[in-house]
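Chain naming follows the written order as A, B, C, D, E and F, and within any one chain the residues start at number 1.
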């Protein structure tokens, strides 16, 4: 059952740009959107529309006639609440509300481990633990998950919330457990789209790492089977890593550096994330 | 240990106006605030300041020097998200952030059953179940609980979240289980203030009703012991009630009418809430 | 909301005969039934019809027009499966099926601790533990509970399953925990009837005994509050009791003597149950 | 430890006929039984006896001297309760009771997902969840599981209850999760027989499907490791499937079409089950 | 069933000396023991024998012929492991081993909250949580509970482990939740003795305090119903208490000061325990 | 991050002697210790020191300057408590206390399934179940795990407790589930050492056996991925095994023969453990 129309938000972002090609093949029409002026060459069936997530009037027309929205647009770092409010909170509301008004069946959302980042890593957390956000960034993910659950229970609009752990190069010991490879990201988004019925579902976005610290059992019916494993990097990473401090909250908690940084202050610098996306 | 300064938001509201007198006796100075121009005669030690929760600059000065904030200010009905955003979402952020900047120790917050209103009543829910909001109103409660947990875990600012079931006259069968009497409300707020250490705690606000459908076990250390029991009204209420429809979500779920109304549409009318507060 | 018509099965039995009077006051018409030829003087509004539970054709006409059925009819001792089959298995099916065909809203059923009698008493079991029957008698209760759940989930016909522990005189140490007084039995049946919506609910039938070994938390919304307490008999009972053997399964398990007797063999004799019902 | 004698019921059925050959190799003597007059050519060591499960006198002689019974005989579709009673309820009792009288060590039973078919698929259910049958067919499975537990706890007669999801060709999206291949069925029956001690154990009968929605953790000690995976059919099945309706109970629940059909009405037609068994 | 012989260890201690009189009335012969030379006037039926718990040869003769041992003897403060080893570890072994050799039916043991003292008070802990000792003192309680469980499971020797919270005057906010009055201590010991069968059971020793932070549900069958409530002291205690620090582990954890003191260092001084026992 | 100094206790034992070579390669200096006079040829960087675990003065100097201790020294059979006390109880205390005094970061400890050996095998137990020791041997493991947790929570000294099931040749049906191959033992010890932060962690030591009856989910972040599978021996072992008795506690429980032997009496003989270690 090929989809007629898909909408991808955050299409200019690091993860969004990787999703454009595979998504373009799953539908007749892919509408990619972001706040950039331009996202380069387009794939077959793809169309780019610049739009601001925080503005309902810019978002609503895009979703008209769409089967599903793949919602990856957001500020992807910790910033003060006032800056987060528009794109990450109101933006989510706009996607769901516009989707509801136009009969969109499902939203596939880039949630994050930071919705539950304050749990210690010695707890193998499932997808049904109460929220413990580590930042305003994580708080926006909590908000959106709760919003998505409500739209399902009140309006039968489905959503899958992908709590991505770390979709970036493996450059530190934490990533040996938290890594999500680009290929596995695509696998995960694919099953979130092709599973016939999902209701409201949360799934952790993590590769088949030996050290993966989270539990996707409740989302088993999705059939997500990651193929990559960060253990290939373990020997080198561990050899080079400085000795860890077990009393450091950023080492002990699922959220990693987000768990230890002050609220509202950028964490990305300290995580060694490199923009390694392929050029289209 | 009498407190020096308390701040009460929502002081002109139905519940807030009942709290003014007892709170004024628990501290040297009570700063009551709301968006009304006036709240009538003041109690000893009470001062009224009109302020808009959605405006950080109006809220911040109020909390300076306060030990705790009793945060009951909010829109107390279902309205569209755009209207809820300022007072119920941003307002909560403003209270916590202003509190943090001024060293406030604790917030006592009027949360609501509507944060978990979509659970069926045949589940005796504890305070640690994942959120299932029934309205935008409930979603704002979810947001604030998660925010409060984060400020505790990241900044050691305490909070107690009182998930009030229904603090209104008992006029229907649901209220036989959900009633919170004014006296029990005062009892609950009192222990939320006088318990030496609370960290982040959630407690249901409900009287000692025979039919109370929620579980406060995890908040046992607070020592909240309600004294009133809606069973006194059961015979009359049940005799007069029309036959219930077990397939109606508003009858089956904890959220009652909020669980069945459309999102964004007022529920208060259908709940028979009467403004029965004493005039000060 | 007074009921129009109630049906009571097992009206000639020990518990059924106690329920006749209070039930007769809760409805305009009480149809009492049993396999006895006669149950003595009738209460206002009561009518007696002899019928065999195992025969659909005898049961069906009785429930026509009834709001609810209070189903206490059954063999109340352990007997071989072949004897149990008619009244306790097929009888339950007949009640639910006939009820469904005639629009009966709810069945209030005399289930039993023997549906879970093999749990050790050192486990404080809730109403949601998987079945562990101790006898064919208990197996019929498991069957009926599962049947009731199915009729609720497939056909929206409600039921409350009262897992009675021991509604008999307190003559041994086990009964200090398991006693259900007649007055508390009436209280329990009353709330099972007057609660507006129950869906499928299980509740243990036990008085407010200090030593009550079971947990009714999940049925809290029913508001069952027993008033009697077998502890009044404790001193005498314990003084006279022989020393117990902790390796005896009948002492250690919730089912008591039913847990230790051979399947299919009468247990009542060993339990000291005396027919102490009031004569009507 | 090769077994001396095995009994297979339902030997003429779709699954039973697949089991005859492998079972015949695990014992000196295989007694196959069914209500058919004939089951074709026999395997080495196999003997066929026509018998009616509902008749104790026909069943009892078969099990004399048997080590174990592999009990697959039953009506394998939804029918009215009155028709289900003999083969599926009384038949199970007859197997266990006759087995007990003749010292049979263990029954391996074809239970079914329909014992818990009303759970939503978004719950990854274990083998210890309370029953939620979706049909009279499922109710008979609940009955037999409870019976088997009781015979273990009271009489130390072991049993393994294989809750088969769908042992049929993969022709629809549900089967991508629920498929049990014939080879995996044989693997499952084999470990249910060769595990030295099983007590009372429940295990889901499902292949190693990526989308398998159930959890066999509690039966880990059996060592059942399925090898087949319905994901091989996913691309084609999903491409051809009509759009699913998330509010349809038959799509959302484990029981699939059994969850949505009316009680007592055949479901097999709607499931596309084809009799694809090999001819012996 | 009056007991023939009881043994009380720690008879000269603060709690032990309160138990002598009530225990002397529950048996024909009470053998009290401690390491003191003398415990003053004896009650009817009481005999005092000086003995060192750490010496098997001194303990063994005392328990000969005893029905039960009430084992309260131990160092009741934190000391270095080397000093704890004899009385608190080896002493427990000696009691159980000597008891086993002489057919003692049951040990009633003074365990302690300090076996689980590192749990935060915001968790309402049951009796089945894994151990989290806060001191060597607590570690000895863990050891004895595990020992007692093993003697039950291997040798069918029963024991009840009373995890006493704080049986001392209420002089600080923690005690508002943790107080066990002397009368409630006697009630608890009484049911631990008179309950016919206990197997291996753990129960928290705490009064009916509004703020009691622990859960005795699993020991419900014991019928322990405390009557005292520290809330009577709350107003004064809270008025006088200094402001608490929520980041202090000794305030946040069940173990109180034991949770924050260094291992091996006395905690009693900081707890304000006064020897207030009545003189016999 | 290569370690500077490791200490291995029990270096002359069956498992310890297998660990010497791999450990010697993970550090600059390996100090091996045991009570044997000599352990044969030494590996590069290895030094042997004879020492008695029960004597603090002999142990303390060894750990000075060590990063971690791999603590495998102990009596590895059931013996009377008095004999177990020195090496298995006091020995553990000595390792942790000496480690603490010298700033050792972590202990990797050979715990055992016998700490929880009385659980029935039909329960798939996790690492967070309460202790149920089957022997004094298991009781010492319980003691050490609780000790290790306390040193982490009070003194931030880390430990990993490897609950080894059976690291011996596969000679009986139980071992099909419980086998830990030497290679998997090395894998497990390696991740217990190289994981940057472990806090207090328990992990079962078992190979990737199809029939493995325990759950390491909570230790997932360690990334232990065993490679061996005892199923290769299943056909032969099961063919030769005598018929098992399901009522035998030693067959039904995780502890195997330890669960059924009398306390204090050697179990090793009955387990067919052969000293098959390689000669260095």
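Details
Note that a contact is a pair of C-beta atoms (placed from the backbone, for glycine too) under 8 Å apart; a residue touches a chain by one contact, two chains touch by 3 or more.
Fair warning: this is a prediction, and the values are worked out from it, not measured in the lab.
Path length between chain B and chain F in the touching-chain graph (shortest route): 2. Any chain touching chain B that also touches chain C appears here: E.
If each chain is reduced to the centroid of its CA atoms, chain B and chain D end up 52 Å from each other. Separating the centre of chain A from that of chain D, both taken as means of CA atoms, is a distance of 41 Å.
For chain C, the set of residues that touch two or more other chains is empty.
Applying the touch definition to all chain combinations yields A-B, A-D, A-F, B-C, B-E, C-D, C-E, D-F, E-F.
Considering their complex, residues 120-124, 173, 176-177, 209-215, 231, 234, 238-248, 251-252 of chain D touch chain A.
By the touch rule above, chain E contacts chain F in their complex via residues 81, 85, 89-90, 93, 97, 118, 128-135, 138-139, 142-143, 146-147, 149-150, 153-155, 262-263. Listed in rising order, the residues of chain A touching chain D in the complex are 1-2, 105, 156, 158, 194-201, 217-225.
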